[in-house]
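Please read the structure below before turning to the comments.
The chains carry the letters A, B, C, D and E, assigned in the order they are written, with residues numbered from 1 in each.
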Amino acid sequence: MVGVTHYLVLSAAVFAIGVFGILTRRNALLFLMSVELMLNAANINLVAFSLHYGNLSGQVFALFVMALAAAEVAIGLGIILVLDRNFGGIDVTVPTTMRR
Amino acid sequence: MALIELPTWAALAPALVLGATALVLFLIDSIEPEPDTTSPTLLTGVGLAGALSALGFNVWYLIAGTGQTTAIELFGGQLMVDGMTLVLGTIVASVLALVVIASYDYIAEEPHQAEYFSLLFLAATGMTLLGSVDSFATAFIALELSSLPSYALVSYLKDNRGSVEAGLKYFLVGALSSAIFAYGISLVYGATGSLQFDAVASAVDPTALPGILGVGIVMIVGGVAFKTASVPFHFWAPEAYEGAPTPISAFISSASKAAGFVLAFRIFTTAFPIDAVAGTIDWLLLFQVLAVATMVLGNFAAATQENVKRMLAYSSVGHAGYVLIALAALTPQANPDLVLGAGMLHLLVYGFMNTGAFLFVGLAEYWDVGRTFEDYNGLASEAPVASVAMTVFLFSLAGLPVGAGFLSKYVLFGAAVGAGLWWLAAIGAIASALSLFYYSRVVKALWIEEPTEEFEIDSYPVGLYTAIVVAAVVTVLLLPAFGLASEEAIAAAGALV
Amino acid sequence: MLLEALLASVLLGAGIVALAPNRYAGKLAAAISLVPLVGSLYLWSAFDGVANALLSGGEPAFETTIAWIDLAGYQLQWHVGLDGVSVPLVILTTILTTAAIVSAWTPIDERESQFYALVLLLEAGLLGVFAALDFFLWFVFWEVVLVPMYFLIAIWGGPRRKYAAIKFFVYTNVASLAMFIGFIALVFGLGDSVTTLGLPEITQALQEPGALGEFAGLGPAALKAAAFFAMFAGFAVKVPMVPFHTWLPDAHVEAPTPVSVLLAGVLLKMGTYALLRFNFTMLPDVAKANAEIIAIFAVVSVIYGALLALAQRDLKRIVAYSSISSMGYVLLGLIAYTVHGLGGATFQMVSHGFISGLMFMVVGVIYNQTHTRMVGDMSGLADRMPVTVGIFVAAAFGYMGLPLMSGFAAEVLIFLGAFPSTVLPGAPIFTALAMFGIVIVAGYLLLAMQRTLFGPFSLATDYELGRAPVHDVAPLVVLLACVIALGVAPDLFYGMIQDAVRPILELGGGV
Amino acid sequence: MTGAFDFAPAIALLPLAAFAVALFGGNYLPKRGALAGITALVGSLVLSIWALVTVAGGETYDADLYTFVAGQDTLSLHLGILIDPLSALMLVIVSLIALLVFVFSLGYMNDEDETGLPRYYAELSLFSFSMLAFVFADNLLMAFMFFELVGLCSYLLIGFWFREAGPSSAAKKAFLVTRFGDYFFLVGTVGIFATFGTGMFAGSESFPHMAEQALAGEHSVRTFLGLGEQAWFTVLGLLVLGGVIGKSAQFPLHTWLPDAMEGPTPVSALIHAATMVAAGVYLVARMYGFYLLSPTALGVIALVGGFTALFAASMALVKQELKQVLAYSTISQYGYMMLALGGGGYVAAVFHLTTHAIFKALLFLGAGSVIIAMHHNENMWDMGGLKDKMPVTYYAFLSGSLALAGIFPFAGFWSKDEVLYETLIHGFGGSPLLLAGYAMGLLAVAFTGFYTFRMVFLTFHGEPRTADAEDPHGVRWNVKLPLAVLGILAAVAGVINLAPVEKVTGIHLTFLHDWLDMAPDSFGTAVHHYTGDHGLMHEFAGYTAAHPLGETGTVLVGAAISLGLALAGAGLAYRLYAVPSPTEHTDKLGSLKTLLMNNYYQDEYQVWLARDVTLPLSRAADTFDQSVIDGVVNATSSVSLFAGERVRRIQTGLVTHYATLITLSLVALLVVFGYLGGWF
Amino acid sequence: MGVLETVTFGLFALTTVGASLGVVLARDVWHSALLLGVALLSVAVHYVMAQAPFVAAMQVLVYVGGVLILITFAVMLTRGNDADSDADGQGVRQ
C-alpha cells in the first residue's frame, strides 16, 4: 500500500534535488527549472495529502500552484531575456555590478 | 448606517478598486495602439484617482468600523476583511498614491508607462489582498500576485544593467522563497489536513507528526521572511532596492514589507497560535532569533555603505527587524494588542517615512547628482524644502521625535520590554543608535558639507516634490495625531489575537 | 494654557525666523525670545504650585491634561505643569536663550536664519522637558532637543564639529534608549495599577507597597534596581558623569559659543533634572540602598573632572570639564536625601546654568576679538578689553563659589545637605572629598586667568584687538546680574524649590 | 529709640556703596573715587566709634538681619550682626586703619599718577565692606562668606598691577594658598552646622555654648564618623583652624604673604598686615569658647603659633627688600597671637592684635613713604641716610619699629610681653607643651629686635647708597598724616592693658581685659567665661596658671628677659648696621643664609606640589581620559563600523551565494528548532 | 492491487527522481529541459495514482504544454550567445 509517507519521501527527494540544482547551477534557466521541481514537490505533497484527508483543498491548491508557477516562469523568462541582452549571457553569477 | 446596505463583497472594495484601476490603465493604453503615446498625465491622474479612492475606502471602512467587531468572511472563509486588512490597505494605498505621483516625473522619459502603472496597481492589489487572506491558498496567491508584478517592475528599466540585475536577483530569490513557502504550506496541509487558518489552528495535533508541521512552519516563516526582507531571506533586498527604479524601491520596501508582515501576523496568530503549536515549535524564539539577526545585520551593514540608496535598502532590512519584534514579543505576559499594534503602527509610519526617503533619492537621481553620500554634499542649499523633508524622514527613521517614527519605534521597544524581552529591546536600541549614525550621514551631507561641485539643477519636478512633501507632512503630523492611528492599529491587532 | 502658549510662541517664532532674511534673523529672534522670557517671569510671579508635582499632595501650577494616545491600556497624555523644581529651570532656559541669541550676533555670520530658528527650536524642546509630566511627552521633548543641537554644532561649529556633533548625537541617543528601557520595564512591572504614563501616577503607584509585581523574571526589588541603574546610566551620560563624559568636551569645544552656553547652561541640567525626577523621586529606596556607589560617582566626577580641567589649554575645554565637576556636586546633593541636599542640588542646576553660560559667553566674547581660545596664545587681555575681563574675573569667581554669587549658595547648600545625610554612610567623608573640588577649581581658573588676562599684553593671532561691542557685553551683564541676584537672595528660587523637594524626603521605602 | 546698633549695618554697607560709586563713577569723580571711599570710611569709623561707645555703655547687639536661606524644617542661614566688645573694638581698628590707608593712597597712588584708580578704590572699598562685615558677623557661615570675599579683594589688590607678570602670579598664589586653608574652614563650617544646626557665635543658641553643654552632658548633639563628642569637636576646631592658618599666614600656609607684597603698599598695610591677615586670629578669638573645649586644638594652635613666630622671624633676618622684612615680621607677629590664643591668653592675643594692627600698618605706610621717596625701589641696600630727608617718616617708622621689637614702653612691648607671660604661666601650670611655644616665642623676640633695627638702620641711617636715596622724592600731607596718627598710637596704645604694671603696682590698668569682659553672660564671649575660676579654660582645656617665681616675680622676670632679648637683638643690629657704610653681615651665616633667603624652600616644595605633582597628575588624568575612556567610546564606534564592514561583505553580489546562504540558514533553523521541538 | 500499486509508484518515483536528477546534472540545458518534461510527466502519473486526474491533466497541459514550451523557447533565444551555459559549474569566472 502506498501511503502518505511514500509520497512525502518522494516529494522531499524532488524538493532536495531542486534545491541542489539551485545551489549548483549557474544557468538562470536551470535555476528556473529547479524551482519548478520544488514547486512540483509541493504539489505532490498537496495531492497526496488531499487523498489522505479526503478533501479537495489540497488538489485545488495544487492547481493554483501550477498556475502561478506558470506565471512565474513567464515573468522569469522575460527577466532572463533582458538579462541575456544586457549581460550577454544568462549566467546568474555574472551580474554583480552592485556588489558591496 | 449606509454601509449595511452594501453587499458583503464590497468590503473588498479597496482591492477591487486597485485591480480595476490596473485594468483601466491597460484599457487606456490600448485605446491608443501606438506605443507610448498615452499622456503620462492621464495615466498618473487615473492612477492617483485609483489609489486615492482605495485609500478613501479603507479610511471610510476604518471609521465606519467595517469588519472590526467581527471579521467579514468571504468565499467560504478564503478571504476576510477586518481591521488589519483595512490598516494594511491604508498603508498600501497611501504608499501607492505617493509612488504614483512621484513616478510621474521619475519615469517621464521611459517607455511603457501604462504597463508600469498597471503592474504597480496589480502588485498593490496583491498586497492589499494579502491583508484579507484567510487561508494558505489565498495567501500564496496573493503573495504571488504581489510578487510577480514586482519582479517586472524592478527590472522595468530594461536597458539599465542595475535594474535588470536587481530584477533577476529579486526574481531568483523570490522564486526560491515561493517554492519553499509552497512546500511549507503543503507540509502544514499534510499535518493538519486544512488550509484555512482557523481550521489549521484547531486541527493542530501536537502529538502527531510534529516534524512535518514544524518543518512546514519554518518554511512558511521563510516565505514571509522573503516578503518582509528579513534575515536570512533578505539577500535580494539591498540589490533589488538599489537597482530598481526608485519609486519601485520605495513601494516594495514600504508596502510590500507591510503586506508581508500583516500576512505573518495573521498566520502566526490565527493559524499557529503559540499555545497550540508551542509543543512543536517555539516560534516566539524563532522570531526572536530572526529579529535580532535582522536588526543587527541590517543596521550594521547599512552603517558602512557609500551609496545612499543602498544604505536605505539595508536600513529597510533593519526596520524589518524592528517589526519582527511584534511577533517575537507575543509572549504570554505580553499585552498582545499592544505588541502587534505597535508593529502595525511602525509599518504605517514607516510607509510614509521610508517612501519619502526613497523618493528623495529618486529626486536626486532625477537631477543626476549621483548616488553616494559625497554626491549629496550641500544639496540643501539647492533644494531646501526637499532637504528638510529628507531630514524629517531620516531622523524619524532613526527614532528622533521629528516624526512619528519616534513614537512607533519606542512603542515597539516598549512593547518588547512589556513582553519581558528587555534584551531584545536593548539590542534594538543599539541597532537604533547605530542607525542614527548612518542616517545622520545623509543629513550631514545635505546640510553641513560643502558641495564638491556645482549642481546643475534646472527644474523642480512637481510630482516628486509633491510626493516628498506630502510624505513629510504626514510623517510629522502623525506624531501629534498618533492617537488616531494607534487606536485603529491596536484595535485591529486586538481583533486578531 | 499658559505653558502651551509659551511653547507655541517659541515654535511659531522658530518658523518665522527660519523664513526671515539672514540680515534680520538675529534681531528678530532676540525679540521673539523675549516673549517666552517675559512669559516665564510671569509664570514665576503667578506660580501657585504646591509641593512636588509628582507626589501625592502635589499640585503643579499651570497644569493641562489632554488625552493624546491610547495604547492598549496605557494612555499617553499631553500633560504639562510646573512645580518648584521646574519653574527656576524654565526661567533659566528663557533667560539663557535670549542671552545666547544676542551673544550670537557677532560670531554667527552665515545661515543666520537657520541658526536662530534652531536655537528657538531648542528652547522649545528644553521648555518642554521641564514642563512635561507625561513620560512619553517628556521623552519626545527630551529627544527633540538633540536635533537642533546636532545641527547647531555640526554646521556652525569648529574644525572637528562633525565628529563632535555625531558623537554627541549618538552617545546621548544610546543613553536615552537605555533610560527608556529601564523606565518602561518599571511601568510594566506596575501592571494594572497604572493606566497612563503620567509621571505623577507612576511615581505614586511606585510608592504603594506591593504595587510592583514580578516582571521578566525579576522580583520587585531586582526590577527596581535594574530600572534604576538603566535610567541612571542614561541620565549619567546627559549630565554627564565620569566615565560617560567624553562627548562633552568635544561638543563644547566645537560648538559655537552661543550653543555652548545653552549646552552647558541648560542641556546638562536636563540630565540632573531627570535624575531628580526619575531616579531619586520614583525609586528613593534603590538610591538609598546604593548611596555609596552613587556618592562615589559624584566624588569622582567632581575631582576627576576638575583635574582634567587643570590639564587643558583651551579655555572652553576648561569650562567644559569644570561643568562635569560642578555636576558632580548636584549628584552628591541628590543622594544626600536632605532638604538642603536635594534643594541645593536643584539650586545648583540653576546657578550653574547661569554661571557656566556666563563663562562660555565670556570666552566667546574674547574669542570673537582674538580668534583664539588657547591659553598660551594670548596674555594681558585686561589691558585691551577691561570690561570683558572684569566680567570674566567675576564669572570665574562665581564659578569658584565666591559668596554672594549663586554658586556659593548652591554649593554650600549641597554641602550642608550632604554632610549630615543619614542615607549616605560616611557622608562627611564623601562631602569633604567632594569639597576639595573648590580648591582645584580655583587652581585652574586662576591659572588660566593669570596666563590669559594678566601680564604683559600679547596675542599670537593677527587680529586687531578692540573692545567688545555692546551687544556682546550686554548679555554678560545680564547673566552676571542673575548670578549675583541669586547669590544674594537664593530664596528667590530656593523657597519654591524646597516646597517641591521636601515631599521627596517623606517618601517611605526605606532601605 | 534709634541707637548706634540700628546703624550697624551701615558700617559695612557704606563702603559697599563706595565700591559701586568708585567702580561705575570713579572715572568721573575727583580723585578717581578715593573721596567716595574716604567719605564712606569716615562714616564707618564714626558709626563704629558710636557702637564702641554704646558697648561701653553696657549694651550689646546680636541680631539676625537677613535671612539668606530660609530652611523649611531644616536649618536656615542668616546674615546677622554681633556687636560685643571684641567686634566693636575690631570695627574701630579696621575702619580707622582703612580710613588712614585711603588717605595715604591719595599720596601713594593718586600723586604717582597710577592708572586704574577707580578700580583700586572700588576694590579697596569692597575690601572694607567685606572686612567690616566679617568682623561683625554673628555666625560662622557669614564669617566664612566674608572671609572669602576679603580673599577675593586681596587677590584683586595684589594683582592690581596686572600688566606685570609678578603681581598676577602672586595674587593667584595668595588666593590659592588661602583657599586651600579655606577648604578646611568650609568643611569645618559645614560640620559645625551639621552638628549643632547653627553657626551662631554668641548666645545660648550658639555652637560654642551647645558644645559646652554637650561636653558637660547637659545636652547631646549628633557627632559623625563614630567619634565621641570631644574628639569630634577637636576635629571641627582643627578644620576651622585650616582657614585660620591660611588667612593668618601661619606655617605651613604662610608662603603667600611675602609674595603678596607685589601689591601696592597701602594694600599691604591694610590687608596684608593690619586687617585681613588678622581675620584668622580674630576668628579663633571669636569662637574661642569652642576652642577652649579642646585641649588638643589649643595645643596645636599654640605650637603652630610659636613655631611660626620663630620661623618667620628667622627668615626676616636676611631679607633685602623693605617690604619683605615687614611681611615676614607680620607672619611672625601673627604667630605670637596664635601662641597667645593657644596658650590661653585670650586678652593678650586681642591686645597684640590691636597693637600690631597699629604698628604694622604704620610700618607699612612708612615703608610706602620710603618707597615713594625711593622711586619704587624697595631694596634696603639702595637706601640709607633717609633719616634727615624725611623726618616725619623716620620718627613714625621708628616708633613703629620700637613697638615691633617690643621695646619698653612702646605698644608692642606690652602686648608681646603679655602673650609670652600667659603662655609661660599656663605652661608651668601643667601644660608643658606651651613651654616649647614659649621658648620659640622668646627666641623670636631676639630675632625681631635684630631684623627690625637692621631694617631701620639700613634704611634711614648711614650714608645714602644710591642717587635716589641722595635725593628722595618728597611726600605730601596725605602720606604724613596717617604716619603721624599711627606713630603716636604705636607709642601709646599699650596703655589699654598694662597688665605687668597692674601686677606690680596693684593699680587697676587692664582696661582691655575689662573691656572684653563686658560681654554679657548670655553671649558666653566674656573673658571671665573663658578664664575665670569656673571658666572654660579651667574646666575643659585643663589650663591652670602657675607662677614659679610668685606672681610679681614671674611678671618682672618674664618682662625683663624678653626686653633683654629684644634689646640684645636691636643692639647687635646697631653694632653691625648703624654705621655709615654697612656690609651684609648675614653673609657670615653661609649656607644658613641661603636657606633663609630661600625661605627654607617652603615655596619650592609648594610649587613642586603644584607644578610637579598636581599638574602631571592632571595631565596623566587627561591622557587617561583621552586614551582609555574616550578610547573606549571611539573604539565602540570603530568596532561597530568594522563589524558593519564585515557584515556587509556577506552580500557578495552573487545570487548563488545568496541561495546557498538561504538554504543553509533554513537548514540550520530546521535543525535547531527541530532539536528544540523534539521532532527527531 | 497493493503490490502493483507499490511497484508502479516505485517505478515512477524512480523516474521522477532520476529525471529530476538529470535536470540538475545535465550539462546541456537542452537535456535539462527535456528531462524536466519527463519529470513533470511522471509526476502527473503520481497524481493519477493519487486519484487526482484533473490535477494530472492540468499538470500535463500547463507544465508540459506551457511551461516547458516557454523554457524551450528561452533556451533557444539565449543559447547562442551564452557560451558559459554548457560548461556550467566549471566555467571560468571573468
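The working rule: a contact is a pair of C-beta atoms (placed from the backbone, for glycine too) under 8 Å apart; a residue touches a chain by one contact, two chains touch by 3 or more.
Because the structure is predicted, anything quoted here is derived from the model rather than measured.
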Q | Contact-graph distance - origin chain A, target chain C | A | 2
Q) Between chain B and chain D, which partner chains are common? A) A, C
**Q.** Intersection of contact partners for chain C and chain E
**A.** none
Q. Hey, which chain ends up farthest from chain A, C-alpha centres compared?
A. D
**Q.** Chain whose Cα mean lies nearest the overall Cα mean
**A.** C
Q | From chain C, the most remote chain by mean C-alpha position | A | E
Q.
Counting C-beta pairs in contact, which chain pair has more, B-C or A-E?
A. A-E
Q.
Distance between chain A and chain E based on Cα centroids, please, to the nearest Å.
A. 11
Q. Taking each chain's centre as the mean of its CA atoms, how far is chain A from chain D in angstrom?
A. 96
Q: For chain A and chain B, let me know how many angstrom lie between their CA-based centres, rounded off.
A: 26
Q) Taking each chain's centre as the mean of its CA atoms, how far is chain C from chain D in angstrom? A) 37
Q | chain D, residues touching no fewer than two other chains | A | 637, 648, 651, 653, 655, 659
Q: At least two other chains touched by the same residue of chain C: list those residues.
A: 170
**Q.** Where chain B touches two or more other chains, by residue
**A.** 168-169, 172, 176, 180, 238-239, 434, 437
Q. Between which chains does touch occur?
A. A-B, A-D, A-E, B-C, B-D, C-D
Q: Show which residues of chain E lie in contact with chain A when the two form their complex.
A: 2, 5-6, 9, 13, 16-17, 20-21, 23-24, 29, 32-33, 36, 39-40, 43, 46-47, 49-52, 54-55, 58-59, 62-63, 66-67, 70-71, 73-75, 77-78, 81-85, 88-89, 91, 93-94
Q | Complex interface listing, chain A residues touching chain B | A | 4, 8, 11, 15, 18, 22, 28, 31-32, 35, 38-39, 41-43, 45-46, 48-50, 52-53, 55, 57-58, 60-61, 64-65, 68, 71-72, 75-76, 78-80, 82-83, 85-87, 92, 95-98
Q) Of all residues in chain D, which touch chain A in the complex? A) 648-649, 651-656, 659-660, 663
Q.
For a test of understanding, state which residues of chain B touch chain A in their complex under the given definition.
A. 135-137, 140-141, 144, 148, 151-152, 155, 158-159, 161-162, 164-169, 171-172, 175-176, 178-180, 182-183, 185-187, 189-190, 193-196, 212, 238-239, 242-243, 310
Q | Touch list for chain D against partner chain B, complex | A | 637, 640-641, 643-645, 647-648, 650-651, 653, 655, 658-659, 661-662, 665-666, 669-670, 673-674, 676-680
